[in-house]
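One structure follows; several queries about it will come next.
First chain written, first letter: the chains are A, B, C, D and E, and each begins at residue 1.
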Amino acid sequence: MTLAVRDLAVQFGGVAALGGVSFEVRPGTITSVIGPNGSGKTTAFNAITGYLRPTRGAITYDGASLAGLRPSAIARRGVVRTFQKTSVFPTLSVADNVMIGLHLSGTAGVVAVLLGRRRLGEEERRLAAEADALVELVGLGHRRGEVASGLPYGEQRLVELAVALAARPRLLLLDEPGAGMTGAEKATVSALIRTIRGRGITVLLVEHDMRMVMGISDTVVVLHHGRVIAEGPPAAIQAHPEVIRAYLGATGERA
Amino acid sequence: MTKRWAVPATLVAAALLAASALVEAQAPVKIGVIQPLSGPVAASGNYVRMGAEIARDWINARGGVNGRKLELVIEDNKSDPKEAASAAEKLIVRDKVPAIMGAWGSSMTLAAMPKLEEYGVPMVVETSSAASVTRRGNPWIFRISPPSEMEALGLERHLDKLGVKRADFLAVNTDWGRGAVGAFGDMLKKRGAAVGAAEFMDQAATDMNAQITKIKATGGDTLFLTTAVEQITLVLKQSQEQRLGRKIVTTGGSSSPTQLIKQAGAAAEGSYHIVFFMPWFPEAMPDGRLAKAFVDEWGKRGHPFEGLTEGFRGHDGIATIAEAVRVAGKDEPKAIREALWKVSLMGVNGPIKFEKDGPAGKESGQSKPSIFVVQVKNGKVALPW
Amino acid sequence: MNGLVLGGTYALLGIGLTLIFGLMNVVNFAHGEFYTLGAYAAFATLAGLGGGFVAAVLGAIVCGALLGGLTERVLLRPLRGESIDTTMLVMIGVWIAMQNAELLVWGGVAKSIPHPFPTEPLVLGPVAIAPLRLFVMALAAGLIAASYLLIHRTKLGRAMRATFQDAETAALMGVKIARIHTVTFAFGSGLAAAAGALLGPVFLAYPSMGDLAALKAFSVVILGGLGNLPGATLGGLLLGIAEELGAGYVSSGYRDAVGFVIIIVVLLFRPSGLFARQERIG
Amino acid sequence: MSAPDGPALLTLEDVHAAYGPVAALAGLDLAVRPGELVCLIGANGAGKSSTLRAISGLLRAGRGRIVFDGREIGGLEPAEILRAGIAHCPEGRRVFPHLTVDENLAMGAYVRRDRRAVTDDLERVCEHFPILAERRRQMAGTLSGGEQQMLAIARALMARPRLMLFDEPSLGLAPTVVETTFGIIADIRRRGTTVLMVEQNAYLALRMADRGYVMETGRIVLEGPAAELLANDHVRRAYLGG
Amino acid sequence: MTRAARVLGALLALTLPFWLQNPYYLHVVIMAGIFGVLSLSLNLLLGYTGQLSLGHAAFFGIGAYTSALLTLSLAWPVWPAMLAAVALTALSGWIIGRLALKLRGAYFVLVTISFAGVVSLVSVNWMELTNGPLGLPGVPAPALGPWSLRTKTAYYYLVLAAVALSYLVCARLVNSRIGRAFLALRENEPLAESVGVDVTHYLVLAAVVSAGLAGLGGSLYAHYTRFVSPEVFLFTYTVTMVIMVVAGGKGTLAGPLVGALLFTALPEALRLATSWQWQMLAYGVLLLLLVYFLPRGIVPALRGLRGRRAS
């Protein structure tokens, strides 16, 4: 078991954003979390990656609890995320964005940096090469030197993906990677996600585009009003009566 | 250049040289002035500047020094020691002044002093009261203002008339305030009076009620107050509000009782003030005619009357330097320094003559100024006894 | 008792600053200068024009508000969207320029502002207080109350609060955000000027008087929480009293340290201010 | 329900808009006729909200024309657009949390000068939304999500708009509340106010709308009568989970 | 900058005392150098991590006092005193960093202001240690073996070396993985955390280095003016540093140096250009104009200009 979420609950003020959610992510799979806007998907992501403290519940990764860890510590354990709203280092170039993503791959400490040790240069060259490879992987080779905030929306999302990949995740949490993309771009991203899984990285995905979700997921978890209402392979989910009701709405059901 | 032109060219060059030498002789004698013209103590600095300008104009009206006009190069030290040092550097190096007057506060004077030594330019100190100014072994320093000890000694002969049994201190938390508390405390102890509380206040503080409350609790009879006139006003007002009921004696000579009467009103009634100039009774000054003329000129220029107790120092400082230049016969720093040891003149305050102070071989000059006490009676400044 | 007099004016300063700071995210270093301006305006009214004390305070408010509004309109509006450091630098420039302009106009000599009250203190049981201070306290209280009414009972105040809470939605309601910014800045500056006009006669007016006042205002804002009016009011009173006690019981030299220590302690242990509601996380 | 004919009340022609260098709208064409209920569907990030923001003046259109009731409104301030008759009920309700319900409603009428009529409207709105009438002095932030949605709609109505823009009115609401909300929107439209609605619950939205537009990356990719879109295969697969 | 320009600049810096015959100008340049160190230090926090410290005068002052007290009271030689000043300020940077860097934006600004305020009041009131408002006169000048570095020219080279060292420290940090972490925190803190950048560690690191450099600046100042008084804690020093960094161009390596040179020279130039009444007023107005027309600073504006010309 890679990631296990047990009875996860998050409250904002008096409002329950998550009301006791449990699900698991098996290694080497693509698992999708779906649900209408406001159903608690992003909240779950934030809780798993240490950006907010759950009211109750347990989150374990590789058998060890992630509770109370800072996001950077969680990243160091191989759990890396992207954000729902496009999130890049805006005034830096694409290549520099990815270089920052490679932070954990670097080893240079203060002393080494200040003394200007020779092996630093080698490390920098290695990291730069790695960054280049990642930029190529997401198909932004031609944008390498451009400032991230100047890129079109879809390409910014690709930068984000490259940054996350640079952190060498073993579990990658993607928050709506296809949002704001054209059909063609979405297809590219879907293919990319498959490639990523092919490299042995487990993927947990939040996505709205059903075609995309159903096309690439091994398992789908459906959240509705802060609870899991269904979990299973895509085909089963599409046929699940409660899911249909949640998606089409009560009115639709009655009509 | 062909040979044919050589002679006339030489002639022209010689003529030019001669002309420039003539102009050189007519060039004014520059004196640097460093004062706090902006910042918290700007008012005092500006009064000193006004006094200095009067001295300059008088001297120039009499034909200048050694036939040359006097020119003041005035710099603002922004009430900041760093700026005082910068200003000294600029005056010496860029403007090439052979002597300086400055720099009001002791911390500013102390900060400028290394520059004097570095370049060898004398400075007449007109206001600073810290003992260390003349004790540091800086042979370029000549002070006409009294250090706090001298001021305390000046008061000593009036002590019985004042009737001090038990005194408290309230002083601004600067070198000046701290120094005054020490000097007057020592003098009082020597004379057998008890010393109670010594309270300090920040330069920018406006509310001294807490200090006054503490002082009220000591049960003394006299409060020695050392700070700028603005704060004295506040302390007087707040003491009255708290019904402190003490004899209040201000030290330092910056108190300007006229301004206090204007600003503190009844709260100033009965207070004593140590001053170095009594513009209310110029005839009572050592040189009554000079003092009267200075007061008149000050008024004619529309300067505020209350500035006179500060402004006279500007006059005396410039007059001293001008006299030294006259004695030296040239405006060259070293010569002026030597001449400063020889000058003896009458200033608005009284006779000015320097005696040696500080470590042997590197003495600074210290003149012994006249010290007076006045009292506010019936809303007017009066001689107390 | 003195703590209350000071506290009342601190509160005025704090309310003005908290509005500007909270709404526009401008670290207003020139806030103290509007305080100074108020004191000089009061001086001009009382000594020059021979007006009454109330007229002087009103005059100060008008001066402060006009110049504040102008500052915002001319200097800050074109820089909207620039980083907080840039606007801060602008306000530093305004601070330096205003202070030295005041020096130029009024000279460095501190001005005592005449006032029509007797200097003999009123004795009420164990408490002795000068009538002026009593009047200042009452006027400060009145101005604080008036600010509350303006903010809570008028259409303009409602729009200001709405903008403060959610500028974009306020714009959707037809509120002209830029105008609200100008008005807020003018209002805040007016209050600072009022504080100056009130404390000026108690103390003195001189060009650098605003520096300390600005610092106090910042302490008050932190104490009360950003953009929190009741917080600023209570914070002002509390700071006034704490200073009085601190100076009385600890050491007068460390009087002004009270404000600093309060800021540090409050920020380290309760960053949203003493009176702020717990903010929603995330 | 059939769409009334006649000249369009609102037209967008080739509208482009961007946040900084990032394009949000890339040549959008759209029209709403008087009395219609039009819905705009599409994935997150497709530019639906940006469309509404461009109409209400929050987002300045860089190119193209936005015409309302025969008058070019592109480039006008939000206040002027509101005065022209377009109210925008924003995504996530966005009530002013520390203003009372009454004050929130008053903010809705901010641009109106006719004080007496505003007071009347306030009473009428409260009659219409009895939940709000009970909580008029309460801070809006203390209301439940559904109550806040009612408040947001009521607040927009206070401007007496001729066209109302709704951005994701069902977002984060319980199913029964969604039902009520949509009932209210239908009611508003029945009373003669034209409606343009952005909604992620495409099924619900298309069921009550006259016509629909499907957006992708800043432009319209599909449009037609709502019933047709509901039956469209592409739409079903992308947005209806079928 | 092209290589040729750089070499030329370095040559100019190295030979400057031979060009500047007038020691007053050299004095201005030395002060600019000291403020250059201070601005580089502040820029590390403000420009690279995006944290505005308005308590930088405290580090400057602590550095100056440490150096002065060690040489005067304990008769330490100057060089170890300088090192101790750097170490002590770095330590205080660490403490402030640990305590205050969980705060952001305006709150962090206010804590740093307050910290400087408290330290300043301590320097005035703790008479036994600091000699209070009287200050500490007679701070010795450094010596190199038998040679005292009292002369302006000698001190100029010392300051030049310090500027070069500070520049090197900043440049190396900024162009490394550590500098990228600083930038990441400035640009997008949540994203930085998500790829494993430890916020506290890097912010505290920046604070420590920044404070240490400010301490170096303070120490240089003390041994140059040879007089230290509580005025070193004046808020105006911090304001000056901020002006230099922001006007020069925060987040660039050259910006703070350009700012330091310009804003040390400006008041002196105004001294020459106009009478004292107008100097500070003109200073304020010029600052306003600069920010108004170049809100991002001089160096970025120049870069933009060159970029536009190139394209």
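One rule holds for everything that comes next: a residue touches a chain if its C-beta (ideal position, glycine included) is under 8 Å from a C-beta of that chain, and two chains touch if they have at least 3 such contacts.
Source: prediction; values computed, not measured.
J.: Which chains, taken as a pair, are joined by the highest number of C-beta contacts?
T.: C-E
J.: Taking each chain's centre as the mean of its CA atoms, which one is most distant from chain D?
T.: Between chain D and the rest, the longest centre separation is with B.
J.: What whole-Å value do you get for the distance between chain D and chain E if each is reduced to the mean of its CA atoms?
T.: Distance between chain centres, rounded to whole Å: 54 Å.
J.: Calculate how many whole Å lie between the centre of chain B and the centre of chain D, each centre taken as the average of the chain's C-alpha atoms.
T.: Centre separation, chain B to chain D: 76 Å.
J.: Take the average of all CA coordinates in chain A, do the same for chain E, and state the distance between these two points in whole angstrom.
T.: 42
J.: How many angstrom lie between the CA centroids of chain A and chain C, rounded to a whole number?
T.: It comes to 47 Å between the two C-alpha centres.
J.: If I count partner chains per residue in chain E, which residues reach a count of at least 2?
T.: 124-125, 277, 280
J.: Mark out which residues of chain B touch at least two other chains, giving numbers and ranges.
T.: 37-38, 173, 202, in rising order.
J.: What parts of chain D, by residue number, touch at least two of the other chains?
T.: Residues of chain D touching two or more partner chains: there are none.
J.: Applying the document's contact rule, which stretches of chain B touch chain E when the two form their complex?
T.: 37-38, 74-76, 78, 80-82, 85-87, 89-90, 92-94, 106-107, 110-111, 113-114, 119, 130, 132, 136, 173-175, 177-179, 202
J.: Touching residues of chain D toward chain C in the complex: what are they?
T.: Interface residues on chain D, with respect to chain C: 56, 58, 77-79, 82-83, 88, 90, 94, 96-99, 103, 106-108, 110-111, 155, 159.
J.: So in the complex, which bits of chain D are touching chain A?
T.: Within the complex, chain D contacts chain A at residues 20-24, 43-47, 145, 168, 170-176, 178-179, 182, 200-201, 203-204, 207, 216-217, 237-242.
J.: Write out the stretch or stretches of chain E touching chain C in their complex.
T.: 46, 52, 99-100, 102-103, 105-107, 109-111, 113-115, 117-118, 121, 124-125, 235, 239, 242-243, 246-247, 250, 277-278, 280-281, 283-285, 287-288, 291-292, 295-296
J.: Flag every residue of chain E that touches chain B in the complex, lowest number first.
T.: 22-24, 27, 31, 124-125, 127, 132-135, 137-138, 225-227, 229, 231, 234, 236, 268, 271-272, 275-277, 279-280
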